[in-house]
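Per-chain residue numbering starts at 1, and chain names A, B, C and D are given in the order in which the chains are listed.
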Amino acid sequence: MAMLRKAQIIKHDREGPGIYRMDFFSPEVSSRVIPGQFIHLKIREEGYHPLLRRPFSIYDVDNERGLFSILYRVVGLGTRIMAKRQPGELMEIMGPLGAPFTLPEEKGKIILVAGGMGFAPLHFLIKKLLKRNMEAEIILGARKAEELMGENDLVQLGVNFILATEDGSRGFQGQATDLLDKKLREGNYDYLYSCGPYPMLKKVASLALSRGIKGEVSLEEIMACGVGACLGCAYPAKGDKGDLTYKKVCQHGPTFSLEEVSFHNGPGD
Amino acid sequence: MAMLRKAQIIKHDREGPGIYRMDFFSPEVSSRVIPGQFIHLKIREEGYHPLLRRPFSIYDVDNERGLFSILYRVVGLGTRIMAKRQPGELMEIMGPLGAPFTLPEEKGKIILVAGGMGFAPLHFLIKKLLKRNMEAEIILGARKAEELMGENDLVQLGVNFILATEDGSRGFQGQATDLLDKKLREGNYDYLYSCGPYPMLKKVASLALSRGIKGEVSLEEIMACGVGACLGCAYPAKGDKGDLTYKKVCQHGPTFSLEEVSFHNGPGD
Amino acid sequence: MDLGIEIAGIKMKNPVMSASGCFGYGEEYSAFYNLEEMGALVVKGTTLEPREGNLPPRIAETPAGILNAVGLQNPGIDYVIKKELPALKGAGTPVIINIAGNLEEEYLELAKILDPLEEVQGLEVNISCPNVKQGGMAFGTDEKAAGSLVKAIRSVTSKPLIVKLSPNVTDIRGMALAVEKEGADAISLVNTFLGMAIDIHRKKPVLGNLVGGLSGPAIKPLSLRMVWQVSQEVKVPVIGMGGIMTAEDALEFIMAGARAVAVGTANFVNPYSIPEIVKGIRKFMEEHDYEDLSPLVGAAWKGV
Amino acid sequence: MDLGIEIAGIKMKNPVMSASGCFGYGEEYSAFYNLEEMGALVVKGTTLEPREGNLPPRIAETPAGILNAVGLQNPGIDYVIKKELPALKGAGTPVIINIAGNLEEEYLELAKILDPLEEVQGLEVNISCPNVKQGGMAFGTDEKAAGSLVKAIRSVTSKPLIVKLSPNVTDIRGMALAVEKEGADAISLVNTFLGMAIDIHRKKPVLGNLVGGLSGPAIKPLSLRMVWQVSQEVKVPVIGMGGIMTAEDALEFIMAGARAVAVGTANFVNPYSIPEIVKGIRKFMEEHDYEDLSPLVGAAWKGV
């Protein structure tokens, strides 16, 4: 369960413009965490601004060395402060938290769709899928070339990937969902995973559902507690009886099945 | 005037339990600052807690190397954060600010009284006095031995000093003002400078005034702006016509003449 | 040394409670520590019927504070009694139900339903939620409306009645006196301050509900002042809250006149906030040779 | 592109003013930059007679905020006219005098004295100072009292009349409507929130005055909400303030409905706050192709 501990930053590298990878030493986290889960990071030890913790998906785990990693983009105060932390320093970590991705029980063809930083949790997932000898392909989408995440990782893992940029600066010109549409028409996929911005996920879900493909998405919502106590991270989803209700991204999610989540009155609408 | 600039921390050493010395490289400050003045330091670059700057007296200046130093004690959030800063980092400095000590025009025997951290501005002052070949002696007082400041400096400068601790753990057992009383009875002093906690300054002033000795004290008051705009740092003092009025510690002070300052309804009463 | 206190007949082993809505029904934080360590557990605001709550986003961070507009999402009193309360029976700490509604009848119905339940040690009447359009807030800003609501609830329950006031008023003393007069056994101060944030890129309010309630350290000076003012006026005990993060903060509220304190937002930052605050108060009492809390309550105005 | 605006006939080259009491009489900050860069300069609250102000300590820091209890220390109107205003004649920015008093007669006398002075472009009537025992605050919390005070002042001066409201009220809209009806040309929102801090070691309030006014980023969500509420009700322009530290903050207030903004506490942290905020607003307008400010004013509720 949600434990609290200090973990040492082992490595902190710039991976691109405003993008960093942070590796922590924490055998307790790395040995237990499952793809799709996240940690809730305390930004500052002293002072109350920023006040809340910040959630980050687990991007990678190195069980042998007891490490886990996050990949993050600097977007505001909290991540700006994080970017200045140095290897050797400690940060307070809560987690692993949240409901992980479920892995398909039978072998099958899997397609993943990552929008920008949405690649982070999918990377850890792909590694697990490969370990189980699953066949996986991934579509990476972004607005422009420098926002594409994951190419190097995927080359290293030997996973097939295709790129889409909205401005056409790399790969296919257009949205990741245009590529997905094409792919779904061409191939037979059994399961889909996706993480990225809300409008993309919405399209991904409707494309997959219209073809009867099952799958899961990882959602983001502003969080306060991270453990299910505050109801701050509510997201509309179908309840047990199919009725629309609010589920907690931190506890029921961040992963939701395509059937469960409702994109009908989400924040981008 | 009050300028703003970033200065690099050149050295940051622990000088005792919770006591640190921070040396900054800033030829602009070190070449202009006069004993008794202070700098207003921004604690954090990001975030609003703590919000206000923190004032620190100039403790030392090395004009050749363009350095100035402060000596500080960790007492709360701001100083706790400062204590973690590393050499090489930059901090934003406003100053030098405030009205400096005035130096006696004629040569004479000078006595100084420092209570704990009150030694900081007096150290820089003593160095100036010695440069002018003034004869100076100093009483160092504190509650207990580990809170005594300045011994090493004074030995190095070759200045006479006597110690008083309230618990008798070093030097004379009692208050610095008991020693001052004794000294004033024995010797003929022409001028006095003092800095330290409010009750001590109050006694120092009454002892000196009752013997007709002129002098100056350096006061502390919580500051907001540091430049005279907010009236936050008011301290009761005698106005031009001898009437009681509030003067600004940041602008009229922090140094005040013994006749000017009024300790009659200060914060400790 | 004894940290124990009594509020309206509710015996607590220490003065540190959870603030409603910031602790769910206790389950989540029981994974971090034994709830016996709490002075009392105040659960999420509960209404007669289930409420789905407000549109997301529901949380926006501000300097040293958070805005929330959860909108009283809760599964309704029946579900709470059936599913949540049984789990709390063995919690080892008094359980207080925070009740809310739009209409007087809803409050009365809730009070009647809860009155016979042994597992409920007290009711906290929330007349101050800023995130619900209809009602609630009106009771919280009008002395007459508040007084007559409390009077009506008082007549249908013998449970200890804590009334939780809104800080969004000109005269918090007047509100407190009005509810005390009509039978409040204790007064909780304060709920959140109505605020908002605007996303300048979308040119729209950040919260789905447009406005929300501000909590956290940012409001501490304001809630502390209200506790200071009210506790000098009323005879019933005051429960202080609003920005308490540490034992030092809790002691400020106690010295301002609060007999107990509640901790809300701090739980989100540090899940161990409540037991750590209890420990810190104990340490302070030890260091300053206090046998019990009473000489500290209101010490800042009693001039002790 | 033009950042210029007009408030009650006062032409400003940009919408960024100083907040009263946080900028002295301009002298201190003129050492940092040319005051021409400001939209307008609002001076320290000025009374008929000199005021010595409150006992120290007058400042206490709180999370992301500061409490102040200066207590309207000022040299009195005669001295201000003789010694401070002449220095501001060539400042190149409109000068607005913030006036305060205990009694209606004092406000009227001040308004009469200032009415003929060319160097004064407007009056800001402070009916909201929380740090003065008698009066002031009563005008700030009672719609009738506020309205009749404004009516009286209106009758003795032809200068633009800005009324500065207290946030310590249940219904800020009601207060705003009351002063608008009686002749306010503009409304300043808000003064400080009444708060306090306690020193747990001395077991006493930290401030010499016991309570003080909270300003700074901590209050921004609250002051922003009030600007949002009031600007949707009144026809006169609103000047927004309370926690503005950056151009982004200022833009939030403008989108909430403020035609101009004032910067107080931020000056203490960064003396260049005002010119930097002006620059940041200009940059935003450039990036988003705004020719002038008017489409941004109230954009968050106009739904533009």
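Some points to look at:
Criterion: contacts are C-beta pairs under 8 Å (C-beta built on N, C-alpha and C of every residue); 3 or more make two chains touch, one makes a residue touch a chain.
Remember, it's a predicted structure, so these values are computed and weren't measured experimentally.
Each step here moves to a touching chain, and the least such steps from chain A to chain B number 1. Contact with chain B and chain D alike is made by A, C. Looking at B-C alongside A-C, one finds more C-beta pairs in contact between the chains of A-C. Chain C and chain D, compared by their mean Cα positions, are separated by 34 Å.
Chain B and chain C have centres, each the mean of its CA atoms, that are 46 Å apart. Chain A and chain C have CA centres that are 36 Å apart. Centre-to-centre, using mean CA coordinates, chain A is 46 Å away from chain D. Residue positions of chain A with contacts to 2 or more other chains are 47-50.
In chain C, the residues that touch at least two other chains are 63-65, 216-218. Chain contacts here are complete: no pair of chains fails to touch. Against chain C, the residues of chain D that register as touching in their complex are 62-65, 67, 141, 168-171, 193-198, 200, 203-205, 211, 214, 216-222, 224-225, 228, 243, 248, 251-252, 255-256, 284, 296, 299-300, 304. In the complex of the two chains, the chain D residues touching chain B come out as 21-24, 27-29, 31-32, 44, 52-53, 55-61, 63-66, 68, 70, 73, 208, 216-218, 245, 265, 267-272.
Residues of chain A touching chain C in their complex: 1-4, 42, 48-53, 94, 221-236, 245-246, 265-267. Residues 44, 46-50, 77, 80-81 of chain B are the ones touching chain A in the complex.
Residues of chain A touching chain D in their complex: 47-49.
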